[in-house]
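Across the two complexes that follow, chain A remains constant while its partner is chain B and subsequently chain C.
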Partner chain A sequence: MIPTLQRPPPSMRTSMPGGAAGRTLMGLLLILWFTLPMIPVALWAVAGRWHAPAVLPQTYSWEGWSSAASSGLFPALLASALLGAGVAILATPLGFMAAVSIRRLPRRYARPVEGILLAPLAIPPFALVMGMNVVLLRAHVPAAAGVLLLLVVTALPYTVFMFRSALAGYDDRFEEAARSLGASKAQSIRHVRLPLLTAATSRAAFLAFLVGWGDYIVTLIVGGGQLRTLPMTLASAASATGNEQLTAVLSLTVVLPPLALLTALLLTRRHGRIR
Partner chain B sequence: MSPGPATPPFTGPATFTLEPWTSNAGGLARSAAVSLYIAAASTLLACTVGFAAAAYILAMPRAGRLVAAVSAATIPIPHLIGAGAVGLLLSDAGFLARILGMPDGGFPTFVGGPFWSAVIFEYAWKESAFVALVIVGSLARSVGGLCVSLYIAAASTLLACTVGFAAAAYILAMPRAGRLVAAVSAATIPIPHLIGAGAVGLLLSDAGFLARILGMPDGGFPTFVGGPFWSAVIFEYAWKESAFVALVIVGSLARSVGGLCDAAATLGAAPLQRITHVVLPLALPALAVSGLIVFVYTLGSYEVPWLLGRISPEALPVRAVRLFGSIDLDSRPQAMATALVSVMAGAVAIIGGLILLRRLRGLR
Partner chain C sequence: MSSRLELKTISHRYSDAKEDVLKDISLTVEASRSVALLGASGSGKSTLLRVAAGLENPAAGKVLVDGEDLAGTPPDRRGIALVFQNPLLFPHLNVVDNVAFSARMAGFSRRRARRQALEYLDLVQLQDFAHRHPWQLSGGQEQRVSLARALARQPRLLLLDEPFSSLDSRLREDMYNLVSLIREQLEPTIVMVTHDRREASVLADSIAVLDTGRILQHGPVPQLHYRPDSLAVSRILGGLNEIPGEVTGGIHSSALGRIKVQDTVDDGAAYLVIRQETVNLVSAGTGVVDGSIASIKSMGAHTLVTLTIDNGSTAKPAVRISAEVVGAPDLSIGELVGVDFEKSAAWAVNS
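Here is the complex of A and B:
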């Protein structure tokens, strides 16, 4: 979920116990905690020779990257990107429509509809997939379409939730005001509704993209090995021993693009706020 | 229909009548009620005792085997023999009355008494063994996985909530350094758990990064990956989910907490007191909700225990997926049963969590 970071109230600074030294130590520990698992990944990705007792790599090289490229990094990258984009393209408008209709429905019907839409969060994904796999096989749905369909269902709770919270603070009278000032229906949608919902839309699309981009279990069970996405390649590298370089390189290729996307999103949001 | 001339009952043309139903409808209804009462009471008792026995059998490795043997032994006894035995046990001058040394008439009439106690006791006794063995048979393999999954989920949730709260407090309190912590924790959010598991493997395995840093000799480093306490699995979940918990708390608190901390400080509260008496209570609903989400997610997640966990006993998702992919088609239904057990465990956790949350809100 994209964090909503607000400037902390300055008066709270003194609430941290431990004095200046303790505060610094705690901050360092927390940063260490959040970055620790990624340190060996970053080192292994550029390590050439790194035998056991050595704390740091003995030689550095791009070996891992070339071996990843030869073991199908680029087709996997493309497959993952397409899957993520497909999930985002389908789940974002569906989430928006669901959020709008929940908002318009009378409360009695809205609650159960919302419950059903959020249900995939409560059901373990592997259970959902194992049950649906039988149905998809009976209906002769192609593997890739089945994976996409199931991932859209998995992503729906996030997009619905994002649009629900965005619409909670959305006032229909903005559009009415624009209409009363002479804007056409299309103009009021384009100049009022879209700008007001851009942040929520990008957040929802980002989350839906992540669902498809990082998925392993749905691709594994429903894809039946035909869909070689990045996580599939990574899983086969990480589950065998002696593949540290490959694991590290593949991990970075999975982690870095969404981080770049997240940074870009945050920067555009800050830019938008200044305007 | 009036009884016609006396005809022998099994000769002549067949006639149809409702008379057998209506002539003594009261007696019929009473018998039906008695049978239903006996069935209901016996079922309730048998299920209660049977469930308790099953839980005992599954929980206690040695004594449980004895209980299982004894209850299995009662299965082949016919009900007629059971009824005779219960009669000898519970009748007016039966074994129990003699043991208790009850005077004549002081012992309640179980056999032939008003509440059909002896009958219900006989059914409950025999059927509880059946219930226990069915439960044990259906759960025996899954329940080990359930325990492992619950342990992993509980430990990860606890750790993630603790670190997450500390991180949130730090982010809220420190303007500059807090922003760095917030950025780092936000950056871990989009990392898929599969990547996290691979990274933790590189960090914590026998010849991993940590072992190298600490300069541990071969064999001196504890087995975190695939070790007996699932430490690597729990660490991975705690690492990723603590970032989630921290950001949920920061998002829910940011506006309200500063002024209240000021007020508490004016009233003489020490820094730690402000954290535990002001920030923690305000963060509690967000902490509980995110904890519940983490718990349910951890319970049903596959990748991490698969990469970092033990082979035996396996966590529920690992077992389900292994059985599902097995070439032996008979294991499909077992896979589905395992999946259902984890769905039910998740549902129980959610319902319990929501009840707790409601109570939490009531307290405030």
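Here is the complex of A and C:
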């Protein structure tokens, strides 16, 4: 008799201890875990005067925002966005190609290659950067190119992993089915392969973007102070005292754009259909 | 939407294989007929479908549809729809858009494609599921949608590659009824691959038995069961009784005695093949031969009784014969009973 393929019962999919109440509680705790640290930052961003032991700011003002604007917020935003986009544009296709190649390799070669590609995750960034900085300086690689190069390497494990898991669930017969349903080779790529890999591509690109957007160490050491990205501006504001409003505003500008991007990604994924 | 399919002397070998997976296969399927390719896994039956669908280029031979040679015609221009074992519904499309896929690829508007898709969903009784996503369907529903999607292409030929093998037995019965309904309404030419001889018998007009890349026999369902060309075909069709003996002038002599068989069998060593379903158990002394019961195996509503022929001969190994009888007969091991069958339908195959 052929075993029947059945979906796991709902109880298996939601078998967290504590039942519905436990799940709700865990969910709320997780939300708190992520939002709680942001509350003081959000308040500082609009605070005028806020001295201990007051629980809330005594006065509110936009002072933090105007001082952020005058201390190079917009060029820094642009620099970070460009760096993030650059890393995403390079690391995403590289990750895709690497994942496709690993998939085609015999298993005994695939594992070590995969290990090498994931290695940057295991090496402390500081060690990687210090070592590479010497090499890049000796090779006369321009600072910005060096930063980009190192960040692409750092982002590669994320993009490879994203495409690896997407391709593991990808069945080439989807395209064969499309062909036998009357789709030309180009149509089957456009209407089947690309949409099926869109989610993985956008997730990979998003993670790669985050590597560039939020980087501090590589930009600081390899960039040698030439690249004024958002984290650099934030760090210099945070290292001085009495800059709480400015630091809070810069922190928000680091955190909010990726969140907006993530929300946009989640929203667009709901609207997949044949175009 | 039905055409005649001719496969002419097709051979094929996968690039990494040592042996041909298909060896000089010729098969004709008349328009609106349904043929089952029956064989074990590795017999080449799925490859033959892939060749017909254009997903595999044969090393030699031709695929003709209504006399037209399809060499060089890509899969999307063949008008041949293939339903896979796995439903392969596109996960990024909902049910109706999956079924509308072929019409969209052909350039019809979304509105028109969906209207047509709904008709086919109605045919498979899933119109209410049009706006669900594939992952919200059960296995049986997914396979129904997959079938509707293939039919919506309005293919000249429908190829089914073990499409029901992952379903449980009750769902499979439902699918058989659905295929019958589709055959009545649309009269498509169907070539299906299966390793389940019962499925082949239920769904097809004729069965082609494949073994290691060759077609052993192609014929109507009863012929394959009762008049097999070889012992291999008899076994693949589930025949259990192979009585060894000699044929001389159309008479088979064995532990069962002298029995007239078909004229076409050559003189010499031959096996008498008798379907276990046609063997009856009677009181000792009243049948063709007597035997003592060696085993009794329940098959659900039927029981398989195997006897050792007892005619005083000391032939080794002892000749055995099986009977598939209705119900659970009141018999015990070792008991002596008579074996009876229709002698006029006796059939022998040369060994």
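In this section, the second predicted complex is superposed on the first by the 230 of 275 C-alpha atoms of A that agree within 3 Å, B and C clash if a C-alpha of one lies under 4 Å from a C-alpha of the other, contacts with A are read in each partner's own complex, and residues count from 1 in each chain.
Everything below uses one rule, namely that contacts are C-beta pairs under 8 Å (C-beta built on N, C-alpha and C of every residue); 3 or more make two chains touch, one makes a residue touch a chain.
What you see is a predicted model; the values in this text were computed from it and never measured.
Asker: So which one touches more of the residues on chain A, chain B or chain C?
Answerer: Answer, by number of touched residues of chain A: B.
Asker: In the overlaid three-chain picture, which partner chain does A:21 touch, first (chain B) or second (chain C), both, or neither?
Answerer: Once the two structures are laid over each other on A, A:21 reaches no partner at all.
Asker: I'd like to know which partner A:124 touches here: chain B for first, chain C for second, both or neither.
Answerer: first
Asker: Have a look at where A:173 lands relative to chain B and chain C in the superposition and call it first, second, both or neither.
Answerer: A:173: touches chain C, not chain B.
Asker: Does chain B (first) or chain C (second) touch A:41, or do both, or does neither?
Answerer: After superposing on A, A:41 lies in contact with chain B but is clear of chain C.
Asker: Taking the superposition on A as described, I'd like to know which of chain B and chain C A:254 touches: first, second, both or neither.
Answerer: first
Asker: Both chain B and chain C contact which residues of chain A?
Answerer: The overlap between the chain B and chain C interfaces on chain A comprises residues 1-2, 4-7.
Asker: Residue numbers of chain A touching chain C in their complex, please.
Answerer: Touch residues, chain A against chain C: 1-2, 4-7, 171, 173-174, 176-185, 187, 191-192, 195-196, 198, 272-274.
Asker: Could you pull out which chain C residues touch chain A in their complex?
Answerer: Touch residues, chain C against chain A: 53-55, 74-76, 78, 80-82, 84, 86, 88, 90-94, 97, 100-102, 104-106, 110, 138-139, 149-150, 153, 159, 165-169.
Asker: Can you list the residues on chain B that touch chain A in the complex?
Answerer: On the chain B side, the touching residues are 163, 166-167, 169-175, 177-182, 184-203, 207-209, 212-213, 215, 218, 236, 239, 242-244, 247-248, 250-251, 254-255, 257-259, 261-262, 265, 270-272, 274-275, 278-279, 293, 296, 299-303, 306-307, 317, 320-321, 324-325, 335-336, 339-340, 342-343, 346-347, 350.
Asker: Could you pull out which chain A residues touch chain B in their complex?
Answerer: 1-18, 23-24, 26-27, 30-31, 33-41, 43-44, 52-55, 121-127, 130-131, 210, 213-217, 220-221, 231, 234-235, 237-239, 244, 247-248, 250-251, 254-255, 258-259, 262
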